[in-house]
Amino acid sequence: MNIWQIISQIFPYAIILTMPLLITALGGLFSERSGVVNIGLEGLMVVGFFASAIVVKGLENIFPTAAIPIGLLAGVVAGALFSLLHAFASINLNANQIISGTAINMMAGALTVYLARTITGSGNIAIRIGVIRHTIPVLSKIPIIGPLFFTQTYWTTWIILLIVLVSWFLLYKTSFGLRLRACGEHPSSAASSGVNVYKMRYIGVMISGAFAGLGGSLILVTYSGEFNGTVAGLGFLSLAALIFGQWKPLGVLGATFFFGFAMTIANVSQVVPELAVIPPLILKVFPYVVTLLALVLFSKSSQAPKAVGQPYYPGQG
Amino acid sequence: MKQKNNALVIAVSAVVLGLLAGAILMALIGSNPFEGYTYLFKGGLMSVERIGNSIATAITLILTGLSVAFAFKTGLFNIGAAGQMLIGGLCATMVALTVTAPRPILLLLILLAGFAGGAVWGAIPGYLKARFNVHEVVATIMMNWIAYWIVYYVVPAYFKGAYLETESRLIPVEASLKTSWLDSLFNGSYINIGIFVAILAVIIIQIILKKTTLGFELKAVGYNRDAAEYAGIKVNRNVILSMVIAGSLAGLAGATFYTGYASNIQIGVMPNQGFDGIAVALLGATEPWGVFVSALFFGLLHSGKGFMNAMTSIPPEISDTIIATIIYFTATSVLIGRVWSFLAKKRKRKEQEKVIDQTPTDASLEEDK
Amino acid sequence: MEYVVEMLNIRKEFPGVVANDNVTLQVKPQEIHALLGENGAGKSTLMSILFGLYHADKGSVKVKGKEVNITDPNIANELGIGMVHQHFQLVHNFTVTENIIMGNEGGFVLNVKSASRKIQELSERYKLSIDPNAKIEDISVGMQQRVEILKMLYRDADVLIFDEPTAVLTPQEIHELMGIMKNLVKEGKSIILITHKLKEIKEIAERCTVIRRGKYIGTVDVANTTQQEMASMMVGREVSFKVDKDPGKPEELVLDIKNLTVLNSRKFEALKNFSINVRRGEIVGLAGVEGNGQTELVEAVTGLRDIVSGEITIHGEDITHLSRRKRNELGIAHIPEDRQKHGLVLEFTVGENLILKSYYQEPLSKHGFLNQDKIKEHTERVVEVFDVRSGQGIYSPASGLSGGNQQKAIVGREIDMDPDLLIAVQPTRGLDVGAIEYIHKRLVEQRDNGKAVLLVSLELDEIFNLSDRIVVINSGEMIDVVKTEDTNEDEVGLMMAGIKRGEGR
């Protein structure tokens, strides 16, 4: 098999892994751009994972076609609601945002399995069918991009990409985006311009909860099929992707694709003879090592929002 | 003194609120909270063996809690205790499986290996932070997963277990930290001499922080890096040193767990104790003796959850949920502080009103402007 | 309408302190009204209430005769009130236009082009030259201030509050600003000028309201009041502006810097071939506008920054390769510019802060273990000698001390080291007059005891008051060095702008 065949074979799998990462990292972007560090993305994904699992399982026999979209919606709502805990602690109480985020992760992991056990005993919730893949009629015939992008795709992928585009526009071309970014760079400046910093930060955190919840739900309906209490570190990886992408939507897009590919290569390496020569350990730790390197490289010119992680006290300035 | 009382009030309030949240959750699924808690605590304390198990669980938590608390005291977030535990545990297991020596020396080597493995694993993010200002939260999380995969591949490759591919060989009895006299004392529980290691660690860390120039420097760097630098303290060296010490403590935790509590190391498991260490440290107000007490409490919760589950069908994850809720409330301790001071003010105002009612007014007390 | 803005009987309390106690301020239309008070007197609090950032506990605010309730800056803006802050409230990586329109964008989708045009028109009308598309982090301090002013004008502000606007400007830029303010008044605006600089009040204000420790003292006609009178209203007693000192008797060289070149954090040359020296028994004042290389100079001497080329010697010994700790031991003491960032560890107690540089030396510690008894002895003595007041003596957390006492603690620690060279950077920033007098006295005392003192300050008054010689720095270059008695503030002001003595005005 040549390189091209390998790529086109693993491309759809890479996309599946990338999409939850992408949407979650995008959520993290909104939160951090507004000034709040949210390392609870992992837990918020689990919450979305769980919520969509129960909803889909409950509806799949009654409303088969509507079950998945409603399930995704449930994940969004659950994530947004759960993130309020972090928002309240970080914004109103000026709690240490790292600790609050860690608490969210732990609570989500424990609480969801606790509730899941009462439903299924084992703590795992399985759904019957996930998102059905389609090949888009005309576009899939285009040479090169056709087989890669438009064959056997998930409709959820296109929604996520749309959200990325809308986010870019929102962040840079609207007054909402201007104000949000100001809250993350210099909140007292925003405040004296009449922006309600508290409100903006709440919105930022809730978007991160909604998007991370969506990310968790995506895992359920695209490649997992079963809730099992954890997202195996994807939430943290999306944080790394956020830093790698330097807090820009397009940067995050690139970074998460990179991670998605790296993880897919690691997963299929045993099956593809050309790749099997690389020791599996190297492939598995590759994304993490690269992240560390990227952090070092970006350390001097980091584009992190200047005031991210710092509690905001009105009147300072 | 006032600060110590404050910390105690916050810790106790957080625990109470956490237990309350747990009670609500139990009720939510139709179980009786009183029953649930009775079995939970009985499960940890009912017999000598069970007490031994609670203590044994606490050993690892004391050490990871110390690791996080020490790093915290010196201004760093060590989210990497899990990875440090894995590497320390791996090194300890490797020594246990390959070295032959008289038992006291073997045990010492095992502990040293755990110490060293964790130290190295902490030094890396420490160096990245000191030299490149890479935030230790993301760095240690990455290190966790790298450690996870290292164990995942190294163990089956070199130390494969006799029965299962997913775990290592059992370590020989002479290499285990379990001892016969502790076993007979506690009726055969998981307890091991790690408890003495843990207590010793608490004492040493306490001394370092309170009485040594090293502790003074580390705290200065942790609280205010700029001022420490201004004062002539070598900041980079201290950041690295701090992470090395934190890492070595977590590495010791790994040694006591994988060659003490357990007798082998399993792959594909990220040790929860690493993250519980954060809870332990926060509840213990990042003070060594606070960590000791809160680790015992958490050890109790973890030990008893199996029994509770067996007797009441309440899922064992309730313990983790309670612990997570407790951390949430310690993070939001400001709220608890505000509630207490609000209540205190209300009480004071009532007393003042009583006094005002009883004092005759003096019109001549006009202030001279 | 008599007054354009009235704040009547305002009271504002924070936990533990009454910031404004029954304060009244009345501003006439098209007047420049000064609000005078020491640091911490309550001026900023009062204006924050007017601007909607705080809410008064008691009292009322009237705008153009009507009583209003200003709950947030948006309402203040709608009423025509705008504020130019002391610490600019600008987002560093946004452009000028983005900063000005923030909060007032005129729609959901941004229209940067039309906004830029409007801003350009405004800047021409009020003669405030700016570049709408430049990023804040790339423009000068003077231009940043003009952006703050334009921000207010963009929102049709009628009442402009200037909070300590001249702190970061050169004397020439201050002149320009005065012109801008007079122009604004001509165009129909009213100005409230918050300041503690009496000279500027005399130059430009019509009336002046004085606040002291949160209380309203009075309102005076500036033309009929002397600086002396205003000062005593501000402080509550007779104030002498001059420090009593004998002429200095400088002896041998202590600090000698020759041709020093240092890069700043952005890799530009902050110091270019700079030379300066200080002798035993003299105070040398380094005068210059903030950001012209003073910080880098001090960092180079104290070891916080590496040098590119040049020589730094103490008593003839080259110190450029010595660690910070070695330089401390050699007898260099440093009162830093930012006491909370560099000078103190706020979470430590007063005692711990006092041993921050010496904890590792005997008898305070031995073999790595601290000797708490000796530490207690030593630190209690310093606290006593230097009059550091705190709730629990050496056990008080440093964060609980007032600014003046924090500074006294730092001064105490540094002077107690018995240094040969004492570097004092902005030693009285943000302090009240009592603390300022105390620290000035101590500095002169050190000089009389045969120490070498290098004073770096942004306040020309302080430089002239204390120094025997003045060195002026601009853009990293040594412009000139003069004896204090041979020059005056105007001359030095020109030098600070880069113009050497004798060159054309």
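In this document, chain identifiers A, B and C correspond to the written order of the chains, with residue numbering beginning at 1 in each.
Here is the rule we use: a residue touches a chain if its C-beta (ideal position, glycine included) is under 8 Å from a C-beta of that chain, and two chains touch if they have at least 3 such contacts.
Just so you know, these numbers come straight off a predicted model, no measurement behind them.
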Q. So which chain is farthest from chain B, going by the mean of the CA atoms in each chain?
A. C
Q. Which of the chain pairs holds the record for C-beta pairs in contact?
A. A-B
Q) Any idea how many Å lie between the Cα centroids of chain B and chain C? A) 45
Q. In angstrom, rounded to a whole number, how far apart do the mean CA points of chain A and chain B lie?
A. 29
Q. Any idea which chain A residues touch chain C in the complex?
A. 173-176, 178-179, 181-182, 185-186, 188-196, 306, 314-315, 317
Q | Contact set on chain C toward chain A in their complex | A | 48, 51, 53-54, 72-74, 77, 83, 85, 87, 89-94, 98-99, 101-105, 107-110, 151
**Q.** Parts of chain B lying in touch with chain C, wherever the complex brings them together
**A.** 211-214, 216-217, 219-220, 223-224, 226-233, 369
Q) Once bound in the complex, which stretches of chain A touch chain B? A) 39, 85, 88-89, 93-96, 98-100, 102-107, 109-111, 113-115, 117-118, 123, 233, 236, 239-240, 243, 279-281, 284-285, 288-289, 291-292, 295-296, 299
Q. Mind pulling up the chain B residues that touch chain A in the complex?
A. 25, 29, 77, 79, 128, 132-135, 137-139, 141-146, 149-150, 152-154, 275, 278-279, 282, 315, 317-321, 323-325, 327-328, 330-335
